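Heads up, the next two complexes both have chain A, just with different partners, chain B and then chain C.
Take a look at the complex of A and B:
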């Protein structure tokens, strides 16, 4: 828990506001993520959690505020900049290539690591061949890490939901990201699958030192996994702190137990 | 015994290893699929790994007679751990890797384990949890470092660290390792295997090097195995069969053993390796067949027709061709055509294309299942064996394979049937004793070396093969005094693909009744085909249609039984389909998937009482243990169904009179 006190800030967002028409989705949000921590963003449905990730990731462009990633401050991110600078993500609704195999899906995550041009790749010769071998090995390491050897060659569309989630995590890991954004990685899972996924998240964090920003519904999971927790409700920042502080915060308890809301 | 004289020098595993290093240095000793590729180690490479590990273990304090626990899936490093321990004269004790921590605590404590060599974090966690109860454990060594980065215990070492320690020591004391190996001999204890224990606590069976090596050699001689066999090591290392087939026989014959990538990829790896020598309990064969049948039902019409036509033909003549009995030219030609169109592709899918010899053991195998594989031309044979004699008691000889017997005595094995009908044997493989358990040793092994098997059986008058009926202690009597052999009837039920497990009651009662576990795959598929909706096991098990389906199975068994004068009275009067699958985690099965009858009877007393009342439904609440050791409870209303009971067939009645 102490390690991030000394650690540098990898990402900070300041005074972010995002609206779609008159709908204010995010209202003056500021927080930071330190290198090597597991940072969770929680909140009830429609709180703006996924929007926040989309802002970090460059999918949404906020009207106000700024994002500082690895020391560079921008008004907004662009998805390809985010990806090439080391941000990878998974999606709330799985976004894999359903007709491709697990291995191929994970290999697509290596795309940014491929340096050779199309010509060499098409010939499958010289440097392209070497590169393919290196990337295949990296993909196999991930398959081993996530324990999905048995489905290596299966088309992803035929896999059960829990496994698809795991493959998606694999593809994000294949990019060897500095910051990994996980959008509800445990949604729709049973308790055993949740436990497995938690294990993987902890292992990714401790083994590869990957910084993780996690959106999650399941409070129990969040409190166990996270170093720090940010709570959003109706686009507003409700609380930010250590899991224990957040757990005791009256506003958070109210939001989760459904006290009548002035906006409602 | 003459083999022993011939090879006096090769009476331990480390010595066998040294001989392979000289005889076949560059041939593969062991393989493992890792990162999607088969990685292999030659005998020289394996020997170097073992040497470094052995010296490292010695540095950690493992001495002659100490115990090294080995826990994990089949992996080269864990097998090397066995040889490394044996090099030092220490005794490897493999444990079932899926045991929960409590079960492990008993064995680790009972065996006085000093060092544990384990596969991964899962096993390390289990041992840390029970460490207080096993104070004699001094070190834990792990193979797979994942997730263990933040563990800060002085007694926890990685496999590499121990090898480094060993390499350093070996460098400073170059004769140490060879001296240790030379000090070992055939009468030393080679391995300690815990029997699964259908009753009471598991017992540590101590087997000497002679027991293991001579038995392995006899098995090789009888089946003409060579150094060219391919074997897949996928069954639990704690099981005696794995120790014999994938370890001992590999060391004696010098063939290469392959370890699968992961427990879930075994079938795939099997196809890639294409073993020539294969062993599996009946459940595995059954599983393979069920998968084929399910996939066949989804195949195109023409393929289905082709499949059924040729399978019918194979059933007719395949077994006879394999037994080298004469068949007509027409049949033989048609079989050859079938081989091209159906049998060979099917064997390829099963991964058994190259299989020259397949064993099945552990439980009785259904005649239909058995005939299915034999009719394809796969030489599957039944084997009757026990941990107490390093597996081999009886084996079916080539060309004389019958579904209902277990064959003739293996080489050097003597068999007799005692007055109670119990089978006894004596062989060079007979164990030394149970560890720290002289009472059990005395009640199992007589002073002149005969072992009580606990099984009842007799020699068939026609062919001299041994036939097993049941566990001697399970054979009971109904109140009217007639014979009650539950296992025999349970097996008949289990031969239906829809029935996964059955537990029969009847000893000391008026008639017999049964608990049934349906096979979720087979019945689930059957239900889907009929458009029946269900949410899971409990739901499926309670469906009217499923009850009807099982009722038909039970009726067929009853009809069969009615034809046999000795068993006609044991027909099943009432049965129920259990609301949960019997599970080893709940103690209902042993780790080798045998039903613990008494335990089940006690656990479900309310259901048993209901079977012997006239109620048609019974409410039951059951504690269940999840894989991680937590418990929960499960409530259900279980229905009870009456089966049709047949009058004893007239013919057999006359015979009985």
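Take a look at the complex of A and C:
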């Protein structure tokens, strides 16, 4: 969408390889994400898409390769440190705090924006109280943005699936991330919910300028939303480029249509 | 039922309630740790003993005034929490709950030994100036209630109110609940599990200190104090392992139940019901409502 002015690289992944035992999950993957773009990662099931996100936010530690985020190069990083550097995410199988209300989930997303120490927190006085109010305001803005005012106080475990996905997006947005990782934000949604979610993603990207890395199976959605698309298959990098280029790429078509390799 | 009988009934019920609160104090420590990390902390009773021993030791051996001894003991419990996280929990990340449970059994022995080496194994008197004896105002009306137990009940009420606000309304409280709900999601919003564990074990250590003070004032600081953890078990089964209010109400039900059963049913079966009533009640709950009164329904093969 704003590909033209997205010159600066926010994240660059270099020669990442990840294996679990003898299973090679990612094999020498390199790509970059430019500030302000929507970058999709696609591929058949088991291609390593989620693993790639897990590497970026520090859940998985790759055996080889390095990641440069906002100019800082690292081999691996603890997830809560990645979060503090400005990486937020949602999960393929919703990982909300099910016993907590929508508001509390989003407030928990602001965890890193709140700094008062245990002492003030325990007394629930002074700076802690002020900070609570300020962050509450920010949380309410996100609730308005996602149009979920009606479920503010409801425990999220009891909400329908589509709304849970939306709350999870809200929790990630609450951190005001530089890079937002969305792992199949539209999985299991009907077409109306998908439209809503697509609109939110576009709005997040254009209004807040948040860079987004997106895993999605719905090709229509991917082609519409993405600035650039990375294709993985069996842990290998199959293609990388503009949506149109990727769509016409013979390897990609083969991978998706399942052309037998011996005849290919 | 004449007036005297009625007063007696009130007296038994009230003293049961108060005794129950004492159980609740111990159970509370279990709930905190179980909620935040899914660990059943076998050492909770020993932590109460260790805290009480440290408190008495600081006062007797070092001549600390009461307030300084309490602050000192809190500092020791926080240091202990930090050590437990470093030496034990951090090494056992992602292990089965049963392994962590076994580790807490080890911790119980270590703490008991440390208490013995540091402060000696003789029975100690803990006198913090908490009022003792009958509460005169009620005693005049014909009901005997221990002042100490009233004090314990008041302290427990304040502590629970404090914990409720802390859990519901603060960032760290939310982070604690978040970790209890979903580790991965908690990590993804920037919560450090290690920090949270230190905080939870510190809070559980302070709760153990309060329980240790109350029980120590009542019956002296001695090593059998660690066995009060056994009485906390039925309380937990009743109230649910994950519920703070459950720990309080479970304690009260058990306290009142065993006193009433002792007084009114005891004579027909030869007495001593107080010793097993709680466990029978727990057994009944395990059969018919294993998640307890307030716990979350978790179905799991153990």
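Just so we're on the same page, the second predicted complex is superposed on the first by the 254 of 264 C-alpha atoms of A that agree within 3 Å, B and C clash if a C-alpha of one lies under 4 Å from a C-alpha of the other, contacts with A are read in each partner's own complex, and residues count from 1 in each chain.
Definition applied: contacts are C-beta pairs under 8 Å (C-beta built on N, C-alpha and C of every residue); 3 or more make two chains touch, one makes a residue touch a chain.
Since this is a predicted model, take the numbers as computed values, not measurements.
After alignment on the shared chain A, the placement of chain B and chain C results in a side-by-side fit free of clashes. In the superposed model, A:96 makes contact with chain C only, not with chain B.
When both complexes are overlaid on chain A, the residue A:175 reaches chain C alone and has no touch with chain B.
Contact with chain B, but none with chain C, is seen for A:203 once the two complexes are overlaid on the shared chain. Once the two complexes are overlaid on the shared chain, A:63 sits clear of chain B and of chain C alike.
Contact with neither chain B nor chain C is seen for A:15 once the two complexes are overlaid on the shared chain. Residue contacts after overlaying the shared chain place A:141 against chain B, while chain C stays out of touching range. Here the vertex is the CA centre of chain A, and the angle it makes with the centres of chain B and chain C is 90 degrees, a multiple of 10.
When the two structures are aligned on the shared chain, A:73 is found in touch with neither chain B nor chain C. A simple residue count on chain A separates chain B from chain C, and the partner touching more is C.
Figure legend note: chain B and chain C, brought together by superposition on chain A, show a least Cα distance of 17 Å.
Put simply, chain A touches chain C in their complex at residues 57-59, 78-80, 83-84, 88-89, 91, 95-100, 104, 107-112, 114, 116, 118, 121-122, 124, 128, 131-132, 171-172, 174-175. Across the complex, chain A is touched by residues 162, 165-166, 169-175, 177-178, 180-182, 184-193, 199, 296 of chain C. Within the complex formed with chain A, the chain B residues making contact are 34-37, 146-147, 149-150, 261-262, 264-265, 268, 626-628. Every residue of chain A that touches chain B in the complex is listed here, in rising order: 136-137, 140-141, 143-145, 147, 149-150, 152, 192, 195, 199, 202-203, 206-207.
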